[in-house]
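Before anything else, here is the set of structures, which you'll find just below.
Look at the two complexes coming up: subunit A is in both, with subunit B in one and subunit C in the other.
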Partner chain A sequence: MTWFNGSLFLRVYLRNSKLKLIHHLLSISPTFSSQPLAQNPRSQSLNSPIMVRLKDRYLLVNILYTDLPPSQPSSSSSSSSSPNTPVSDLLRYNQPTTTASASADLKPQTLLRDIRNEITSLFGDCGAGKVNHNLQVKYFSPATSTFILRVSREHYRLVWAALSFMQSFPVKNGRPCIYRVLRVSGTMRKVEKETIRRARLLILAAKEELKGRSSSDSLGALLRGDSTSQQRTLPIVGGQDVDSASEDDMVED
Partner chain B sequence: MTQPMDLDPPPLLPSPSPLPKSHKSTPLTTLTLPPTTLSYASLTPLSPSPSSSPPPLDPLLLKSYLTSALSQFLGQTGAAIPIDILQVNPSPPSAWIRLPRPDLAAFSAAVASFGGISSGKEKLVLKVEAAGDFLGALISRGEGERDIWG
Partner chain C sequence: MMKRKDPPGGAKDTQGRNPNPRNNKRVKVQDARNIRTQPSDAALEDGKLDLNKFLNAREFEIKALEKSMNKCKAINATRVFQMVPRAMRRRTASHNVKRVPKRLRAQATKEMLDDNTPTVESRKRKPRTTRARIRVETMKRLRYLADKKRKKKAKKAGDGTTEEVQPKGTSIIKTRAPRPKIRRNMLNEPPKADSKYRKRQINKTWLPTHLWHAKRATMTKPNSPLWRFAIPLTSTAKCYRPTHRASGQKGVVAWDVSYMSTIGMYGTADCLERALRSLGLVQEGLWNARGKKWRAGVRKWTGTVSRQQKSLRRDIGPATIVWNPQPPATTSDEMETSNQPKKPQRQILIRTHPSCFLELFEELLKLAKSQKPQLHVEDLRFEIGSIELVGPGSTETLLGVLEPFHQTPEAAECHATVFRSLAGVTNPASLPKDAILGFSAKDPRLAYPPKRIQIPSGSEQTLLKTLTEWPVEENLKPYDIFDRESRYQASRMPAQKSINRRKGANAPGEAIKVTAADPPIPVMLLASRSGTDGQAQGTWTLLAPWKCIQALWYCLMHYPLTTGGNPRLGGLEEQRQIAFEHGLPWFPGDFPATDAGVEWEREQRAKRRGDWDRRPKSKRLEWKSLDLGAGRKGEMGDGFACDFEYLVGLAAAAAGRPDVSRTQGASDAVSISDGAAEARVGDQSVGGQSPAGTIRQVTKREFDALVRLGGGDKPTPPPAGAVVTVGLEFVARGVAKACARIYRLPGRAKVEEVRAAAVASTQAEVPATPEVKTSNGLPVDLREQWLAKVPDGNGKKKGAAVPRMPAGVDMETRKKILAGSLLAVEVPYPRPAGGRNEVDLGGHHPLCPGEEDLIGFVTTGAFSLSEGRGAAIGSVEVGRALETLREMGGREGRLCVVRNAGESVGWLARWEVV
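Up next, the complex of A and B:
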């Protein structure tokens, strides 16, 4: 009877090891994406038989300043009353990021450091370890107060939550502001396109607002995120979280 | 020419009567235990040296210990995990706590990685004796009943 038991054990062991192998193969891909490859991040390991792709998420974030004096009513057109050049309300909320003293403080590193501190305070060592290896400010434009943040795919919501909790700009005596995530995408290219599109719409909407037209198409397009040219964009509207990255996005690269 | 080996003819076995086929047992009813909402854990202090006795445990000390451990490992979201202290035995010091099931893994990791709080010369370090979903199964690993169940 012992040999019978032995063969049964062997069969069970083989089946378990097959399952283990499958599990190991399936789990290689996320571990690869989470490990930082020091030499060449985009090359695949020659030893592994599987093709893996490093997947990230790119967040397009807008900085909106909240410490503004109450705006003048739009009916009294500012061109007649105030001697200064009229500034549309839209532009005032989306104003460029400047500091009174030196603009040398506006490095992406300070922003990144502030985000990391916020993540550590909210989510502790565990949360910081989940995202820190992959967190990077890819693009920062003080003129439009937008920046693009690269985060890991599995934990981008952590970073998003930390951004929601940040209250002021990370310089000394920084102005209070809110960080609004406009788009989440899996590729840098889509995010850049979205940045350009929004900048264009912002200029158009500001111009139209100055001319006095109340309901403008470009303002609606800016806030709603519609665009006739791009059918597949799904930007974030009103807190709705739509992860627009898909496999097709990757192929375009 | 060799004689064929004179083997004994195989014994004539009586034709085996067909064994009554054992019917496959049909289960009468099946029940899958749903995942519980709460999990339980038992904590005991580590004694730093065999001679010194571990410091006495009370609910407030335990709560502040857990808050420090969780906020270091998990930040404010960790400190916000709702933990119920079910029982604290002053001697031998042990404690039973209850927490939501999804947080059990993070809680165990937080307590395991925490270096302890020190009040003066004494240092209090807790370890997780048992952690799981069903309290009845965990009791046997606790302080009082470990001798019974081994």
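Up next, the complex of A and C:
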């Protein structure tokens, strides 16, 4: 299996990469046997020089914080002293993205740089080279901790993997967080629709909470957007991408 | 001159904006794609998490995203002509605003201005070709002449007296307006065309709706009309599947079939009977009590008429025959006045296909003259036009368009009331078989646009009662459409201009009142069933005077169906398609045993050959090198043809000599090369001299009788050169095209013979070889190979079952099983001797049977949307078909192999006589 992937990779490498450093291959090939990096042979065959259409994937990513913001009085320590109630799970798992210095908000460029760094460290120059030319932050909203990434269709898994490995926010002494990919789609429109859908559900939940009917269920707060019926859930089976022209989006958590 | 791509005003913008218009556009796009965001503070209350702020942040996000989506959509380069529904799109709409619907025209004009689209104005366009230039010059000269004439006339009228206007010697006698002559026993002239269009109709006649159709359908080529008519072949829009849907599930397909020929005939009842009997209407059911309704004129008869040709009868083609009802019995005093009781005169209408019109007309003339007292024949081709409708909404459409013409409810005609009560019928086949309705209708333009009909609630009971009782025989009167005077009156409809004027005087949406100027339109409706089962959609045929067809058609096409949409237009292709989907043969294409069919086939051959000739040599089929396997080279017979001549020749040769020698096969190539010459001299074949002219049609009934007779010890010899039309259905895969060859499965008895012979020979001389071949090199077990391809009841192939992957095994096991199965297949080493396709095709498909098993040809074939698999209509030679049926029984005997012309792979099908 490893050898197979390696040879496939070699072909990919020679065709795609502008870097001619073959020795990287040796260092990288074991990594490529890991599941998320298995290339889809079909998408490779589409990568012929005649076919010049560029195809992208859009990733909708949510940043989850596990701790409370530094300015928030800790609920456990100050439960007796503070007059306000402990922070509900809904707010806790849907925090805005804050930086230490409130004046300079986080820029998308910072985020992008961090993702690139992560990819480089995980997949080397080759992986970074594949992804970098097309990686872009299409939307980044610190208030809701949501961002949309554009990746080339063939390599979106590299970015996804990198996001999974990132553990803190990309600033100095950044808060620990999790990057959660909510949606992969072929069009920006569908990603936007999904964002709206999720935001609606969160609003509903927040309104219920305002009325006092809060069910302080941490898991529910976390999976608020996913709990409702998903019509088109395409599971990704065994690392094989259900990647085709007709398929335009899939949901994975 | 500005460049096309540059938007106007891009260059003159100097104040701070980007001078490059492309950059402007880019900025615009970037702006539209930018989604607004909030800083993190927006979601925090003094740095603390807060529910209200949280809510606000989400709301802001939703708004921002929605706005971005809208903006992105708006920035897209869409033009108004792209918003038009598919059926209304025109290629020229991108540069001609007049091709865009009116409500979008202003916007389109603006867009074209913005975009600097080069537009044309036909008025200002210069003629490009020499021909066009000459035409323009002639037009100019003519205009000048007409102008001069007009001026002269005006001058004369100005200074002339009244005497000059009314010259001396003319008396003021009112005369009947001249009406077109209908000459008896002669062919009639087509209606005189408008002088503007006369030159285009020298060799053909336009349908009444020609101008409408010419814009929406592919017509026959101007220099090659079909049956002397310009006929719409198919819609210009894609319509294969929509037609299938509209004809069976939802909607209507309508055809202007005014090209169908109508012949009138009148004389005494028994003379007519004798004439019709000699046309082949010999079933006693027509002439005894069972045919009473038909003879009374409340049912029609549809079938094939034939003529005597020496000792045999030859089919002419399908015809519909309608009797005119007799006028109600005259009172006794009238009888007394006419001292000599004359036999009542009866009238019939014969409606037939234009391709066999002349043949039938000449035959009728012969028959009419031989009767005593003589019959009279009238050519009513351009007197009566017709429209055909198929689909669940057809009855509804007719109800919406045809309003019975009567002033008071008491004066209502019986048939008109029956017709009005048909609201709710979704299939004309549910009416009594071959029902006729004849009545007078109002001018449909008076109530234009047609409105959706209201089905009265609780009408099901009355409808059922009407359908079962079918009260059409009480006070039956002759149909007006038989009457020349009323047809003539109807064709003098008021002009569209006057209708418009009357409409303008009316309140909006109100129907125009009938006045004396509006004549009643005599119509006749024929309901026919397609096929034998009552489930298939039937057809409505509307007969009306030729001149009224256009008005009816315009209203028909705008009827709003209850299921949505309007009726679809159909062409000749659609007619063929629907006949094919119902499993019915289409005249003349599927009737190779009629003169019209032979003629059609000849044209098709020439067309196929022409298409073939036009292709470059490297890209066309080389018939001679077609490999049929087992050493057989070359197509059998003419590859462009349903080569019945070849088949009949083979059969005759087989009857003379028991085994057909291969030398005949070798002569195939010759017959192909001189096929062109054959097509050229094919004119003689119509006369019935060539082999194609001698083939004879056998009906289903006759064929069944032959099959039943064959049960005896001594099989009756089938008629020579007889073919029977069959419907074919593929048992598994395969789609046939026209000209595909139909083979029977090789005979079992022959196989036994050969095997015995082989065994005998091996005992005598050489050691036994495992493979025994018949004399023509085909494997002995060819029949078994083909039978193994028959799927069993569950739709699975018999034969060796392919090992299936067991469910729910993991990857490793799957791999092992796969590898095992790959290794298990034994490839013989060394490869068996002999060339390619010696024993079978590619190692898994049986070879086609030999030419001694060729039984017929496919005349129409395609993938049938109603069956969900390949189907075809063809003709098989009766002798061979009977032989097979007797030898192998009804089930196996109907299995056949169908191979497309020019291909080596055959597919298994089952035939059934239709």
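We adopt the following convention: the second predicted complex is superposed on the first by the 136 of 253 C-alpha atoms of A that agree within 3 Å, B and C clash if a C-alpha of one lies under 4 Å from a C-alpha of the other, contacts with A are read in each partner's own complex, and residues count from 1 in each chain.
Definition applied: a contact is a pair of C-beta atoms (placed from the backbone, for glycine too) under 8 Å apart; a residue touches a chain by one contact, two chains touch by 3 or more.
Note that the structure is a prediction, hence the values are computed from the model and not measured.
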Contacts of A:Ser141 with subunit B and subunit C, given as first, second, both or neither: second
Greater subunit A contact set [subunit C / subunit B]: C
First (subunit B), second (subunit C), both or neither touched by A:Phe123: first
Partner chain(s) touched by A:Arg189 [first = subunit B, second = subunit C, both, neither]: second
In the complex with subunit A, residue positions of subunit B that touch it: 70-78, 106, 109-110
For the subunit A and subunit B complex, residues of the former touching the latter: 119-127
Subunit C partner contacts - residues on subunit A that touch it in the complex: 68-69, 71-73, 87-88, 90-92, 94-99, 102, 105-106, 138-144, 146, 188-189, 192-193, 195-196, 199-200, 202-203, 206-207, 209-210, 238
Of subunit C, residues touching subunit A in the complex: 35, 37-44, 46-52, 54-55, 57-62, 64-66, 68-69, 72, 811
